């Protein structure tokens, strides 16, 4: 059975490096387009721009299309909302994040047209080494 | 290397049934206490009570201790906030969820004292079959 | 010059009955698909279902398509968020609304593919006659 | 020096019964109009209606005036927001409250016209005896 | 029939320049005090200060009165909340706005005392030309 | 009867200087550890760091322990949420605060283990002298 869009984005984000590569291969063979990256910051907007820039570079969305930008932007903000648990602020509440992100584009339940999933996984905490715990966020939108 | 608290809770929540059992075995051997369950509802409070009741039955928290109830409650609400992406409401915005949940209790980075992780994973959408997409939420607290 | 998607949805919602009909004619001639309706309630979910049902009846979205349902749902929740100013709750904070709504589907800035706008306009207040003031909300999404 | 509007509302809410009566006397001599009451509930709207009804019975606001209703309503919702810490929901997140409330109307810093303060103080927690901690909220508005 | 406070603020904000002037004339003849302006920014606070400064310059509120400042401030934040749809942040989520604003002061339903309406209308989107859609927000308060 | 954790934190925050000292003495005799301080700022993060730094200096929490940092951080953010009434932003909405804060650590209802209470009390308003009103926030967590 084909792996689902969201589960694929989550698995790639949380697996160890070696397993991740294998999972990305599997995903691509099933027809998904995938990109990954890392971002460490106290500024919520840097998370958003890191995701969108990486996904543009890998051609996961058409940089000429506001429609596609809008779809990915909303998915990214939804993922970020899971990380921040409600309030879209980081430095304002003295929090810093270190995140691995995965963007996956492809079909969902045999529907027509593509969907896009953004998964953010890593740590959130005080700007003091070790004073942090894990966090995850997932956003999915039609594109 | 020992698997981390949050990653363990996420993996158990998203893996297939067979892999899940193996992962739970691994987790228990590493000293974690784990429980899982399912809940499908349009009422946010039913997600909270399903998680807390299952974790009580499996002795993941001491039902006599407000301290432990408070710790798990906050972790569960944080996980729910990831599912709802900001607003802690479901039926009020015509959303229904079908979730698998995992609660894991144990050590985090060799710190003294236990931490607790709650992971919710499943689908959110309209109350119409197939009109839903995946969602995940994770809450972590000291207990 | 063609009237823009959002302005059209707002104008139809706030004009008097006679002007409204003329504006709807103008909008349709410019290629937009339009539907309108009314809803008075203390339950936020009834606003959402009133909008989605009316728009389905008028074929503004394809009832077989989760993609289109997802697009309209998000636009409706965004409009509702403007009405509630932040918290997606009505009866929980003793507020009642009496709303006229307009859904418009069509092109935005000569982009490819359709967009959908939902405008809610009316009154919000205590459940006491006259103890209410005007409120408006607009949501726009790609569909 | 005259006691300030907010401090008076807080003190009356948190003092023991005997001290409270003395404080209410002091406040009234300084020209404030004051009313108090209790409410225990899982429904946020019941807190709002308890405060507004008590304040109407004691003539702290003019029941014919939407203007005054609007002023007190907003102050009450602000106080409730402090109790709920962000999300205006109680039963939806399995929380119950037991609150003492105080409404004070009068002058603030020698400005012209009255202001109104609503203070809510008590406990919030699970619907299990003893599984609760203290909470406070204060809302202030011009009336 | 007299045009209502909120509808007037909305119409002035969304009409073309020529129609706007006519509408402002009509509003003033009906006894309303009106001011308008523009603001383009990524900082939410600049929207607030632009509205308050313009309204002060046109004497829509008494700059010596905290009471009137408080009334207009709350109405402006409510309007902004409609623009941002929930979270009062712009640059933190990489959004930029280009807004036309209208402030109207006057009577509402023959009640005693004035009310104030703030309408913000324009575009919100990525800081890239054309990657934006329309948005509106309205706040109303007693003053 | 022993004074409760939250009421003690509130009283110390709102009393006059002389009464405050007496109340702190009473609290310490009952076994509580207490620290106080002041912070005036437009940046929410400065409130958080002022509270945490003062409490660290007075040994109310163990600076080596992420567990204790996590407990106090969450209590402080909850208190701040009461001050901001929902949105954890200050300068973004042109608000400035002048706060007195109290942190109290000790037992709650004879439960095992300590709890920590953070109370913030002072004024919030425009950055104009006199254009401000009182505000209070309280956060309580197990530590």
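Letters A, B, C, D, E and F name the chains as they come in the text, with residue numbers starting at 1 for each one.
The rule is simple: a residue touches a chain if its C-beta (ideal position, glycine included) is under 8 Å from a C-beta of that chain, and two chains touch if they have at least 3 such contacts.
Predicted model, so just to flag it, every value in this text is computed and none were measured.
Of the chain pairs A-B, A-E or D-E, the one whose interface repeats that of B-C, sharing more than half of its contact pairs by residue number, is A-E. The angle of the rotation carrying chain A onto chain E, fitted on C-alpha atoms and rounded to the nearest 5, is 120°. Per-chain Cα centroids separate chain A from chain F by 36 Å. If you average the CA atoms of chain A and of chain C, the two centres end up 31 Å from each other. Taking the mean of the C-alpha atoms as each chain's centre, chain D and chain F sit 21 Å apart. With touch defined as above, residues shared between interfaces to two or more other chains in chain A number as follows: 66, 70, 86-87, 89, 92, 109, 115, 130, 133.
If you check the complex, the residues on chain F that touch chain D are 4-7, 10-11, 14, 78, 81-82, 85-86, 108-109, 115, 117, 121, 130, 133-140. Across the complex, chain C meets chain D through its residues 87, 89, 91-94, 125-126, 128, 130-133.
The residues of chain A lying in touch with chain E in their complex are 43-45, 48-49, 66, 69-70, 73, 77, 80, 87-90, 92. Here chain F touches chain B in the complex through residues 65-67, 70-71, 74, 109, 111-113, 115, 141-142, going by the rule given at the top.
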